[in-house]
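In order of appearance the chains are A, B, C and D, and numbering begins at 1 in each one.
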């Protein structure tokens, strides 16, 4: 059945809340169905105790989720936008991610933080950021970045069932994208990169919103006789370095596309990890396509200039293939 | 100091309120026509708060506001054409089209910006207050925020900081009873947010935020106090937004009842002002005419202004 | 419910206080001998607060504490040998030597941890309270924090959250008058931190934190209230730390005067307890003997425990 | 004259506060001279208005610094530990760094955030972190990472005079390290990597606390006939990619050492940037030496296992040079 990305999230949460009564959802305005298709209908089905509106107190309610997790529940947080997580990152990075280790294994923190993010809809500098790269440096936290409805559903279910804190990134520009997804229950393991299209000449590693840009780029490239493989890591902590490297060893060329800024982005880590495994196979330096290193302007044209797109990917591919 | 007020000031106050109303109505109309880049949050219904306070400020006093900041901006004297151009995403906009509606600022007029992260403006306002404290020129800064923002930790930290350092900062909470779809009765543990002033040993007062003169009265005391170096005040204006929160929610029917909405519409701050300020029908027409012309000019300016050039994307990042 | 108390309970209360005192003195001594890994913050002088509150809790009630958390841990029944081993950095420590003094926890005893980021335990305590609220088993959770922490935004957000959701959380502020070197009179805008309860429409009470029975009285009311589902209470215990903040600052002479220190020493909570609880000299000796033996055993356990193996560095990261 | 790292900071602040009365210092306990040699004597000289104790309100006082900067002052924040910045990062990354851009150039934010960080002194998981990699993803913010007293003084002066927000990282384990530094006024430009030792066979890029480990490694390597060049980027935003690359082009081998975690660390960005410039020169993949991807345990032996050191650098060098 065709479902949207938002519907996929909705189904995953709905089914998991049916399955396990310890699962509950918190966030600003989550109890109002009309606010987002991702949470529509949940409060009607599960009540406002389990689908719980919060005050605008990001630090407070995030910490409350951590505490509830410590005491045996399985909270899902809806952050509405990852940008707001700057206010609560202490509870995630200093507490949730470290607690188990720091307390010598006495607790586990089965917490999912759903973090919608990204640009492309003129929301300006403080409402368009991609911050997943920060969370790579946080051992104890898993980071999931789905690129389409089908993966989103299975990965969200895996996240909810995981006994560790999971940051679940949702690119907002994907919310209305549709895809055939199997109905009912399925999970997708972490650290399993997914090959979205096979190819021989170059590997395009796309993250989140950039998988579709890689796919369009690959289509265009096909027309000029370049066969690109598109691969999606799906989780970045843990990262399927072997899966990604195998593709690059095969194609001997690689471009990495992400929506975050280039400087210090996830692409840097992916690049660094695979270069050490593929060094002797590589015919050219790995290129990164990412947002320009400026804040995301609200203005439509300027925002377009800043964000990555399939043309920029194509041009990077040409640079790589023309390298000498 | 009692608040003496001249006939001329009456007119200015009323006209400022009309200016906000007209700007917002126009902005909303343009938004629906797809002329506005990004989202907007209009403040129709809340004009008495912005004008009541800002009519008492000098140009070298400061304000900081929120995502719902057009009203405060206009009341503080922000240039309308450049403001409209910002909504249009033009290079002539106040923020050169980079910040949009949620970041309107006109520092030349003492407007230190709308800030889109709820609650983030209060710490920054404390800092502007600290600068004024250092400067010793009797300047004051007013920070506007919503009932929702009053549950942010930044509120607590900033109130405490301004109190212990006796900074000239006025905390003005526009309690419009909702934070997005969430009722203040649900999200806030107290009915009157102004009682929270007690936690910081500063005056706290709740005022009818639909009555510009009442707001002025209360704000005046707070401003005097701040100018004398006696520290901050927390003011809560009870008010209501006549439109939905932002782009998509209806005026009523979803999380607000029609009867509630009707009740608040009856005390429209413009009607209250007309009566209390004794604005005659002729004067009213005169003010509206002036304002409508200004708004039309602002729109024309915005329409005719160019988009930013590609190079501008790299500008203004570093000083 | 009036607080009936038996002779036996008197003994237990006194002994708990002695246990904390002895543990802390020993820990401090060992710290100076270089036996302790990392820093420690001892709570000598503040025993009446920890014991006053925790003596009223069941094992399935929860606590969360701070960097200065040994006292609360002991009062809640935390296992002493494993706690001492944690200070020693041994694999038998409560946190397997990964967390150290600032992260003592014994979840089996309802102790959800000391938390080293000032103010961070309050949001987590709200969450434990939320879990208890879901469970409907009349459990309560107490979160201890300092006067310094009461100026963190997390305090505000958590108090509000617990109030609107009527969560069974007791906020116990140990106002020992200093946050590191900073006086509460400087950093806090109010003299009694308990007045801040008004901002959340919950009871707030200040109590003599040197008197274990007074603390118990007040805590009992708060706990009853919480068990009945009536929500949180803010309690402030006025107290004093007899030692410096942490590793290097002296008991007095730097930011605290000797006379102030002397004055507080006169109301040493152990002396107050001996008198109020009517502990006879013989009983006193008996309790101290028991405790000293326990502490000696704890030290012996810690001394003889092995260091963690290299592989342990990777353990306990993921569940 | 020999001065310690902490004295270097102290001199820089002292001299800049003498020079420009708009400069002031805020932070927890900064007014008590005995608290830290970095701030000793400042409150006595400049008074408690300009050397200002704050309550424990990281978000509040950081925002106050941003506001004061917006209104024409030049605040220096003393964060005591970077770990606490998680509570105030909204004011840094969402506000300070973006304000100038977001308000179309109407304001500048001349703010210095001094952030002591790092491990090696048994301070445990929440008091030993290295978080500079997060700030790479924050356009509008400059990030400075000095490795010794001489650089620290010049770079701090440059930071204080810069009209933009600057995050100034101070590795605490360096505080008592001594070095000859010239007296009086001097500044050091950003984006100018500094060669600490010349060499021919391999480039060791060290960050902050790891420069000294690279130096000891180089000394050891010398004994077995390996000539290592040691280079310190000194600032990571902006990063002197050309300077670093020039060295790698010369030596054709590279190891990068940092104290942060490997996954998503600064090393990933450095590696990614230079590989594209040095691709054809490289004889082996660039290796990274960093903290293990677990929280920093308080226990002495475990902490040592987690942190990088000169032995780990030497072993990485051997891996690189033995690559085939």
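Going forward, contacts are C-beta pairs under 8 Å (C-beta built on N, C-alpha and C of every residue); 3 or more make two chains touch, one makes a residue touch a chain.
Remember, it's a predicted structure, so these values are computed and weren't measured experimentally.
Novice: Between A-B and B-D, name the chain pair that shares the greater number of C-beta pairs in contact.
Specialist: Pair with more contacting C-beta pairs, A-B versus B-D: B-D.
Novice: Counting only Cα atoms for the centres, state how far chain A is from chain B in Å.
Specialist: 37
Novice: I'd like to verify one number: the distance from the centre of chain B to the centre of chain C, where each centre is the average of its C-alpha atoms, in whole angstrom.
Specialist: Measuring from centre to centre gives 45 Å for this pair.
Novice: What's the distance between the Cα centroids of chain A and chain C, rounded to whole Å?
Specialist: It comes to 40 Å between the two C-alpha centres.
Novice: Going by the contact rule already set, what residues in chain C reach two or more other chains?
Specialist: 97-99, 103, 117, 151-154, 156-157, 160, 164, 186-188, 317
Novice: When you check chain D against every other chain, which residues touch at least two of them?
Specialist: Those would be 54-55, 57, 59-60, 83, 86-87, 90, 94, 101-102, 124-126, 139-140, 294-295, 297.
Novice: Graph shape for the chains shown, where an edge means the two chains touch. Line, ring, star, complete, or other?
Specialist: complete
Novice: Which residues of chain A touch chain C in their complex?
Specialist: Residues in contact with chain C: 24, 49, 54-55, 57, 59-73, 75, 90-91, 94-95, 99-110, 139-140, 163-164.
Novice: Given the complex with chain A, which residues does chain D contribute to the contact?
Specialist: Chain D reaches chain A through residues 59, 83, 86-87, 89-90, 93-94, 97-98, 101-102, 124-126, 131, 133-137, 139-140, 237, 239, 260-261, 263-269, 271-272, 275-276, 279, 282, 284-288, 293-295, 297, 323.
Novice: Inside the complex, what are the residues of chain C that reach chain A?
Specialist: 62, 64, 93-99, 103, 105-108, 112-113, 115, 117, 120, 122-132, 134, 153-154, 156-158, 160-161, 164, 315-319
Novice: So in the complex, the part of chain B that touches chain C is made up of which residues?
Specialist: 151-157, 159-160, 163-164, 186-190, 195-196, 198-202
Novice: Give every residue of chain C touching chain D within the complex, in rising order.
Specialist: 37-39, 89, 97-100, 102-103, 116-119, 148-149, 151-153, 179-182, 186-188, 249, 254-255, 307-308, 310, 312-314, 317
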